[in-house]
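In this document, chain identifiers A, B, C and D correspond to the written order of the chains, with residue numbering beginning at 1 in each.
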């Protein structure tokens, strides 16, 4: 309200500009800006309590906005009644109306909009087709599986041809064993619906696989917003690297013969390092699970680390090691003999030095 | 009860022999045999409804046994009162007594056993130390985090020096983001307690990392029981391969120049294949996510598959493909151009032909 | 300890043994006195006055105009009062559910609203007299208020007040049990607040409304204190029962009236529960 | 539609405006009559008989031996009856909770057990007379049964029966809410069933026992029907209130008794709730 900048709410798709949400005295969301273009799926991801669900609820009009603006399809909907926003919401529990059939659920929004009966029936049939529920049209939700209920909620939300589809933790309520298959199914239905979509999730795998762009939030603020590859290959900070890929991001100093990290206690030769451009200013070294290996060398190119823990992960043993206060994951072959401390070196080509563009 | 074989309940540790559990007319568990040696952690894993929790509850004496025998520390406990079994149970919700302090919880079993006050205090102090709860000894459970509550339940169960520790889905109630760290913490505490442990979980990663042996159950029966590497490298059947590693197991025919799979429609040259011994009788080909690659070759060494789905998984795109009715996962570089069908070949050395020992 | 004595008794016993303690409580406190009462009303009592099985006591009772009037008045007062109570209670509990979600702790409001459950029926009758008795406090405002307490509208108001705190608790639990995401989803689908109320909230609340209404009607039917205080006016069934008992100790006749009253109350309760469950199944399956 | 009229009113309004509808219901149906009643009892009534603020009506009431006796008997009957009810109810609800878990649907047992909630107090008094009145059915068995209904033990039994169905519902919900894993864990830790009951089940059930007991005591205190039927014997406070009302219309004196009765009932309810919450906080924090 006190924001003097003109919020950009005129673009097509969804535009969230400088959104702030307060619950009592606590700011749940602070100055978050996210855009969802038509035909695009943006995944808002972050640990629990990061404000991602509040952001989605604000877009749906279910949570009051303390500052900033929300635009949808060129209209400013910041303070519009939820019934007039033109959003399609699929809540975490799917909220399928238990006292209506599958077809009745899908028709709900169309009845509320007083669509003529014949057009309503046609639209419901289309939605049943899209979500492969035609044979279940007469069933009550009580007789459906979790995945089927999700599809009913999706069909119901899509039936009203919303300007944006909002999915709140779409897979969290489902059996973990089935989640992978249902994620692929959901992804296929979303892309065939062709609707701008905002997905909220705490699971980085879901975000990577469902989002054409990812908005990563932490403690109410937006940390990074970009394509999955941008976030994967050039994380804004150590939190993003860790959250998304379990990777470690170290401050590095580049020299002609390589890079120095851990305050110069570890010098990595240039020939072992890949390099990549970063848009985040500083030179940093990105290490993933498979970037390091245990070595016998004990020169400056290796660093000594204490083994904190070792666990079998199937094709490898994953060591958790501590080197000068930084904790890394290292994969070693399952039959490797590991003592209480190890020498670590970079696997050539597997570690990336992120270098600011000149 | 009608089983004529002598159940082996005399061994140290836990011995479950030919266990059958019925709920009304349905057999929840059928003829399951599992042994847990002292100092060993066995993980019972399987999809929901496979009977793994019923097995644990039968060992604790909380579910009646319809057939078979349960031995613990050389005693037959099949029908013993739960209070006299000498098991330490950590239920899925931790079941920390809300009206007692942390120390009071840990002392509960010692009081029930009428341990003298001084020995009780000493034991409680030991357990507080082991689970790093000493500073929280006076707290009420309502003031604890999920991970701390888990440690209270663990300390309480270990305090009575049980012959076996039973953990029911120990990490399922915790925040997904914290689960990895707490798994490592739990693993460390279990190994320092030195108590025979039976863990029930639905998560294959937990089973692989926590179990010295894994018992994989499906629909009430035991499918395979062995070390994580045995199950990983020589799965008993396609279900085990899929459940544990998302891998595919194909019937294969071995010839001097390689192996033929998919009814001879795909011939893989011998030089591309690793081989391993199998204890499960038939020759089979084990394919993991990273066993296949997309190729331009279109000879007999490649197989054509339809692309069902593609999803970004960070460092790669994971294709779900369908070849002659078999569904595989294939990882390709994130920038690969993929059409509607692909030719697949084995990455040399990454696929294993399991050959029965002669 | 001999082997076997420590065996777990976990095998499921036949249902009737498991239900034994509960059934004993029922038998001791319900079934037997009810049977005796019904027996009395059918002329099977052991008192020398009763001479064998007959329906004549029921015929007598139903032939009496005053009993028929009381029956009708009781049914009317209980039914209409409970309906009015539900109409008042629904917005209150929906409002409370909203407050709860917003975390705007309505604990004190809640306590105040259900406090009157402690007020005896006799006090509520007293309220009515104080306010609307023949020389009631409101009489100077409008002469219609004088003596209103003894009329049908007066009784209705008194019984609404009697039923309200009894209805708020269960209804509040039912309203709190409705997932808020249902109404939120309905709103985002384009339904107005009124439409959401009519198509989602009320249909899903209906089973609880019916069951709670039945129970409240049963309790209102049997509530003696209020009507006893207001006994100068319209007569309800409990008054007749008490009368039959005090004016000459005629066991069979008074048993008959008691059975009629109990049967009406139990019918209201059972009907409410049965219908509530039925509607619940239709609504939520 | 003009811009702005469709704005969502989601900003949290000040608490008092949000509580308005609920407060209106309270005011209309509770606060005002209570205030009037209290005013009357303090001599502030508008009737010409009342002459300004005074505590003399309370002094008179408490000086009367019969009122003092009624007060004591009421408190004793309500308190002891509710305690006895809880003692009977706890094993029943624990048994029901076990049944529920085993899926041995106790729906019909459940229905039978709470059905007597529909039985009016007046009918329950009637039961007592039929069974244990001066010429009651049980009198031939043992002469002590004759007239027992009018004695303290007889009243206690009648009030236990009156309270039981009112207590079973809430207690059952509380018992069902106790995680079964708590008792299971306690058992595997080596505690006998009795020890688990004493150290886990009962302590965790205690807040619900206290709150339910308080509410049941409040309702028992005000229950007029039962004692009215048995009015030949021990006198309880509701009888005095009714008497003061009928024998000569003395507003201030009868208001005083009514306030005393209402205050006792409300005190029982509030004490039960407050203490229950307090113990609950001590138990579960």
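The rule is simple: a contact is a pair of C-beta atoms (placed from the backbone, for glycine too) under 8 Å apart; a residue touches a chain by one contact, two chains touch by 3 or more.
Owing to the predicted nature of the structure, the values given are computational and were not obtained by experimental measurement.
Listed here as common contacts of chain A and chain D: B, C. The busiest chain interface, judged by C-beta pairs in contact, is C-D. Rounded to whole angstrom units, the spacing between the C-alpha centres of chain A and chain B is 28.
Note: centroid distance chain B to chain C, computed from Cα atoms, is 55 Å.
If each chain is reduced to the centroid of its CA atoms, chain C and chain D end up 15 Å from each other. Averaged Cα coordinates give chain B a centre that lies 53 Å from the centre of chain D. Contact with two or more other chains is made by residues 12 of chain D.
In chain B, the positions touching at least two other chains are 61, 82, 84.
Here chain D touches chain C in the complex through residues 12, 15, 18-19, 21-23, 25-26, 29-30, 33, 36-37, 40, 46-47, 88, 91-92, 95-96, 99, 102, 104, 106, 109, 111-113, 115-123, 126-127, 129-131, 135, 137, 160-161, 164, 215, 218-219, 221-225, 228-229, 238, 241-242, 245, 251, 254-255, 258, 261-262, 265-266, 268-270, 273, going by the rule given at the top.
Within the complex, the chain A residues that touch chain B are 47-48, 175-177, 183-184, 187-188, 202-203, 205, 208-210, 228-229, 232, 243-246, 288, 308-309, 311-315, 318, 320, 334.
On the side of chain A, the complex with chain C involves touching residues 60-62, 81-85, 87-89, 91-93, 95, 97-99, 108-109, 112-113, 140, 142-143, 153, 156-157, 160. For chain C in complex with chain A, the touching residues are 179, 181-182, 184-192, 195, 199-200, 203-204, 282-285.
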